[in-house]
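I have a structure I would like to understand better, so I am pasting it below and will then ask my questions one at a time.
Chains: A, B, C and D, in written order; residue numbering restarts at 1 for each.
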Amino acid sequence: MMNQISQENIQVGEIANGLPLSIPVYRIKGNGNGPKVYIQANMHGAEVQGNAVIYQLLETLKQQTLASDITLVPYANPIGCNQKSGEFTLGRFDPITGTNWNRMYHNHTALVNEFVAQHSESSLDEIKSAFRALLLEQTQTMLDAPAYSIDTGKRIALNLQRLAHEADIVLDLHTGPISAKHLYCPEYAKTSASYFDIPHVLLIPNAFGGALDEASFCPWWSLSEAFKQQGRDIPVLVEAFTVELGSQEKIDLAEAKHDANSILSYLTYKNALIDSAFKPLSMVRYACMLDDCIAYYAPMGGMVEYVAPLGGHIEAGDTIAHILRMERYLSEHPLQALTFDQNAITILHFASASVNQGTELYKFFTNYFEL
Amino acid sequence: MMNQISQENIQVGEIANGLPLSIPVYRIKGNGNGPKVYIQANMHGAEVQGNAVIYQLLETLKQQTLASDITLVPYANPIGCNQKSGEFTLGRFDPITGTNWNRMYHNHTALVNEFVAQHSESSLDEIKSAFRALLLEQTQTMLDAPAYSIDTGKRIALNLQRLAHEADIVLDLHTGPISAKHLYCPEYAKTSASYFDIPHVLLIPNAFGGALDEASFCPWWSLSEAFKQQGRDIPVLVEAFTVELGSQEKIDLAEAKHDANSILSYLTYKNALIDSAFKPLSMVRYACMLDDCIAYYAPMGGMVEYVAPLGGHIEAGDTIAHILRMERYLSEHPLQALTFDQNAITILHFASASVNQGTELYKFFTNYFEL
Amino acid sequence: MMNQISQENIQVGEIANGLPLSIPVYRIKGNGNGPKVYIQANMHGAEVQGNAVIYQLLETLKQQTLASDITLVPYANPIGCNQKSGEFTLGRFDPITGTNWNRMYHNHTALVNEFVAQHSESSLDEIKSAFRALLLEQTQTMLDAPAYSIDTGKRIALNLQRLAHEADIVLDLHTGPISAKHLYCPEYAKTSASYFDIPHVLLIPNAFGGALDEASFCPWWSLSEAFKQQGRDIPVLVEAFTVELGSQEKIDLAEAKHDANSILSYLTYKNALIDSAFKPLSMVRYACMLDDCIAYYAPMGGMVEYVAPLGGHIEAGDTIAHILRMERYLSEHPLQALTFDQNAITILHFASASVNQGTELYKFFTNYFEL
Amino acid sequence: MMNQISQENIQVGEIANGLPLSIPVYRIKGNGNGPKVYIQANMHGAEVQGNAVIYQLLETLKQQTLASDITLVPYANPIGCNQKSGEFTLGRFDPITGTNWNRMYHNHTALVNEFVAQHSESSLDEIKSAFRALLLEQTQTMLDAPAYSIDTGKRIALNLQRLAHEADIVLDLHTGPISAKHLYCPEYAKTSASYFDIPHVLLIPNAFGGALDEASFCPWWSLSEAFKQQGRDIPVLVEAFTVELGSQEKIDLAEAKHDANSILSYLTYKNALIDSAFKPLSMVRYACMLDDCIAYYAPMGGMVEYVAPLGGHIEAGDTIAHILRMERYLSEHPLQALTFDQNAITILHFASASVNQGTELYKFFTNYFEL
């Protein structure tokens, strides 16, 4: 017997001709015993592979026995997803304002102190359900504010966040520009990182930068810390990850199947699936702290040949790129070799061969270690 | 006898074909007795009128007797200034990253505490020169970091900030989209606001949002506050303003002459000019606190007729715009009147007639008062 | 009794998330005795005022007694209409390919020769209905070709053209960038131009450039000429105009009312309305031939103050703009006056103050004459 | 002894801040006995690999014995080359007008008839030098027209065309979006195509579409045909090719070395090099006529997995792509397989995974044959 999948379309905005912007929300129900799961994809318009992963997840999940209710949202951003400029999708930021679509979520951490004061005697279950209800209510209150007080990106983000706060597990599927697979993992959830088939893990602190994973876990993490200050130990009750699936502007259905299996392995570990055989691949996983993930900006303008292999380990002083500068072929060396001064793992590089001085060329893991 | 104007071109970046990005810096020297003045324009690419104001300032200043050294920088942002997308200039944010060019300056406020500890016994003059030297040195240190650690916008901003920190008076010339003239004025400099011929003044607190005015005054304001906590009263030694000249994408030389005179009136008040006859026009000036300057986002998508007059005072409930939605001419009222629920002064509106739900339609002063 | 308005939504494409692109088509029926009328607006995304004119037309037409069936299509281009890049609407060309949306219609003139050969003995009525049927059938055939053979803009254009070919009168509502009102009128329909309240008329020959007016009248004009070569005089049976309503990025409902009345005056003249009181305003109308409408490109890069008044008559040598070039304030005259070497009427100018050398600054009527 | 390379910078425009746009022109002189050669790259901003090929050509040519004067122009389009929109280079068309930068060259074919009338008795050498002089003079005359009559793209194109008309051999280095190597070759120069190491050759007729290769050879081809109509056989005296090097947004120095060698093989065949060992690789080369090169537009909107291998031979009915449409996962099959109905060679595909209905997905050679 196949699981039923239901679809709901949620309106998250309106465009200039007055038509609604909506996103499709797919739901599969489990037996109610597992953690609630929320998975979304394509908040950045060019990062499309997550839709293919959701496709593969749906294809698989309808045949699994589920403990968890699972909500899956492809095409999370109907503006970014359809925004072209030239051949490519210009979906990283609002084309009107420049605001990064993934920096618009709301941080509810300010609710923690009063909540803890009121719930010092509550049971863990009471805490969990009351804090969840509070997050949902506050998100809804923001959406219910006068329409003139909410900007475009905030309205999309709050609608998604409302769905995410219902879940115990939140996965936001992104990609890098040209990128190795990597995982943004909150430090407290390090153990879970080993259940994904992702060799590079970025451990992030309890700091809010506007993204969905942070909006999902920061309040719960702060809640745990606030109780700790009261002398009471409660776990962080929600896990949230940003899963970087590889490169943008690419659909690869076979790779999506692998990534779906990787997510199912993690969900099996979290008891979302019953009698599931999904388990992590054996691989060396490297991690680094967020502060050790270094952006390397182009030290000069020019045209770039990227030579550091993605996922590869480079040594300090290795050539990572050549920069060709043909304007001054005669007056200076037209081909410059770039190096980085630390041992590092190459995580991603810029998507274009043409860079200004100061364009982010690479991201590197430094001071990395085996997980 | 005319004052000499000197020109220096400062390199602030390189583009993809390897050519340098430079900005022209014009300097006029005074007799050394006045406050140093720094004026820049066009950090946002479409906000060009400041260049015309600098033109008019140069034309006038070369005939004035000057106490102050004055530095003037048109075309402060050589990327934004030349970035087209369609007919208009897409110069508000880095086209690659979306980062607002005017949110990239560095906040040196963190230097204050150690500085105050070291200068508790210093004279006001010593404090002024030592803190200025510190700001300049720290800005230079950031520019001297490995080239790979500085992104495109930061490099432009730091180069400009280095020039601005040399001055006692900093004016950053901007425009709104379609806008009445208004002035961003730090609360402590309220008196100065009356010397500009600008009827609308936004009083801003000591909070850093990344703009040049803030980068210029926040450290000095914090310095003053830190000394006050030590029981010593020193004034805020630097004044910095963002001057919003009106609408973007427009050069109006006659209006630029008025705005140059307005600036010269302020500079006369600050003793930058000797025997100057420039003085402020008699006008009612309205001010509001930053928190009372309200962004009004489009409550629905559609095509907008703006009807609230710029600089006009509206009453709560007045119609401020009509939104035409022709997709549903038969199924709902195709013409919606928008209202705002507070008494307000209309400061600016969006530059286009087509808006998504959530696009910033208007900015209003509320709870305004006569300055 | 009010006329019934019906709405149909026509699908003209699909976007990247798979959702349909549709346009709303409004229809009012007359008594069948008048010429069929087709009016569309907003093929170029920023040229929104035509939607307001259609709104005013619908509001008026539902109260008129109509001889004609009238079809009105606002938001003719659902991609262009919603395409933002910065604050403005980037709707002039396909953002992927650069193709001007209004150069994608099909020229059916090649059908004329065979048709004339077959209909040398037909009555005028037979000719009219058979040629119309042929145009419609051929347009439908193109739309029925394999989906892989039709590009995005062509599919939109052919869908609109199919509607337009049903009509005897076609009005395509556009605007200039910053523009005086003007009318593109085929030379044979010069008399009709005097029924619009538009003071500037551009007389265009039987040459196809890809626009809807041309696609609508060229085949019928060529049909008339082909019969003339056979020694038979038939009139051009279709009239089509591009109506340039003024400036882009602007909704002005009062002005839209005037322009609706202007169109109703023309339709009254064409017997589309019964007992209608709409008649043209008394005004001097100037015309020029298409070849005498001169594009004036910026002879240098810089920032422009436009000083030639729209609709104004300039003399050869008058200053039409100032160009400010602040990079070389000291080394050359920073303010250049531009002149045009002919007597002319200023029809439109560029929408931005920043121009490259070679940007179209102005369009002028030269060798103009009273209509 | 190394050949001297000289550099000249040619001004081709000015940008909004008044600074000149220039392109670097590199020249190497031969002994004067070989055909003059002109090679340019990067007319489309994202098509950067040609700059790397010119780098490798310069590195090699300075060590060769040359019969020919060779002119090499990297960065042919200083606007397109530096135009960013998001991470990618938006350099295919003028961002203001949408005009394809490679459709702006001038067709001098209209000069042919009068020239032939005047030179019916001239020797072949006289014809060659007089017609070349005429092309150069007419191009210069266009550039000398009033500055206000030349638009931005035309000015760049005419400046390049002036350089190209000096040459007997013209190579315009482009790339496709994601592409196999292919060569645009005029039908009369088919033999030359076998000297390039390029397996796919597109044979093009004597028709002008605005590109540099056509602007270079069409007048000479028409000259040959006009003399033929007079009963005199003269060869087409100029060869011009567009060389499609592979994919855009990519610098690959090793591949550039191969492509430089391929060009040197052709130049060796044309006696531009003395004692040169460069010769073509042995490979099967496939050709098709321009009309048989089929654009395949997306028959629906969605997210695309490209599965037809570049350069691969597909059979009618093979799956060439999957289109994922997750909006309607439940209501229709979310994954559609696309097929093409002819045997074909896959030459290129679109650069993004997100497509509207009607976006060009693929280009195929059909009715291809071995060269």
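The working rule: contacts are C-beta pairs under 8 Å (C-beta built on N, C-alpha and C of every residue); 3 or more make two chains touch, one makes a residue touch a chain.
Please read these numbers as outputs of a predicted model, since none were measured by experiment.
*Asks:* Out of curiosity, which chains are bumping into both subunit B and subunit C?
*Replies:* Chains that touch both subunit B and subunit C, as defined above, are A, D.
*Asks:* Quick check for the class: compute each chain's Cα centroid; which one is farthest from the centroid of subunit B?
*Replies:* Relative to subunit B, the chain with the farthest C-alpha centre is D.
*Asks:* Let me have the rounded angstrom distance from the C-alpha centre of subunit B over to the C-alpha centre of subunit D, please.
*Replies:* Each chain reduced to its C-alpha mean, subunit B and subunit D end up 47 Å apart.
*Asks:* So the centre of each chain is just the mean of its C-alpha atoms; given that, what is the distance between subunit A and subunit D in Å?
*Replies:* The mean C-alpha positions of subunit A and subunit D differ by 42 Å.
*Asks:* Per the centroid of Cα atoms for each chain, what is the distance between subunit A and subunit B, given in Å?
*Replies:* Comparing mean C-alpha positions, subunit B is 35 Å from subunit A.
*Asks:* Would you please write down the residue numbers of subunit C that are in contact with two or more other chains?
*Replies:* 15-17, 75, 81-82, 84-87, 89, 92, 96, 303, 326-327, 354, 356
*Asks:* Residue numbers of subunit A touching subunit D in their complex, please.
*Replies:* 5, 7, 24, 26, 45-46, 48, 51-52, 54-55, 58, 74-75, 81-82, 84-90, 92, 177, 249-253, 303-305, 322, 324, 326-327, 329-331, 334-335, 350-354, 356
*Asks:* In the complex of these two chains, what residues of subunit D are touching subunit C?
*Replies:* Subunit D residues touching subunit C: 13-19, 21, 79, 85, 92-94, 96-100, 146-155, 295-303, 325-328, 338, 340-341, 354-361.
*Asks:* Which residues of subunit C touch subunit A in their complex?
*Replies:* Checking each residue of subunit C against subunit A gives 15-17, 75, 78, 81-82, 84-87, 89, 95-96.
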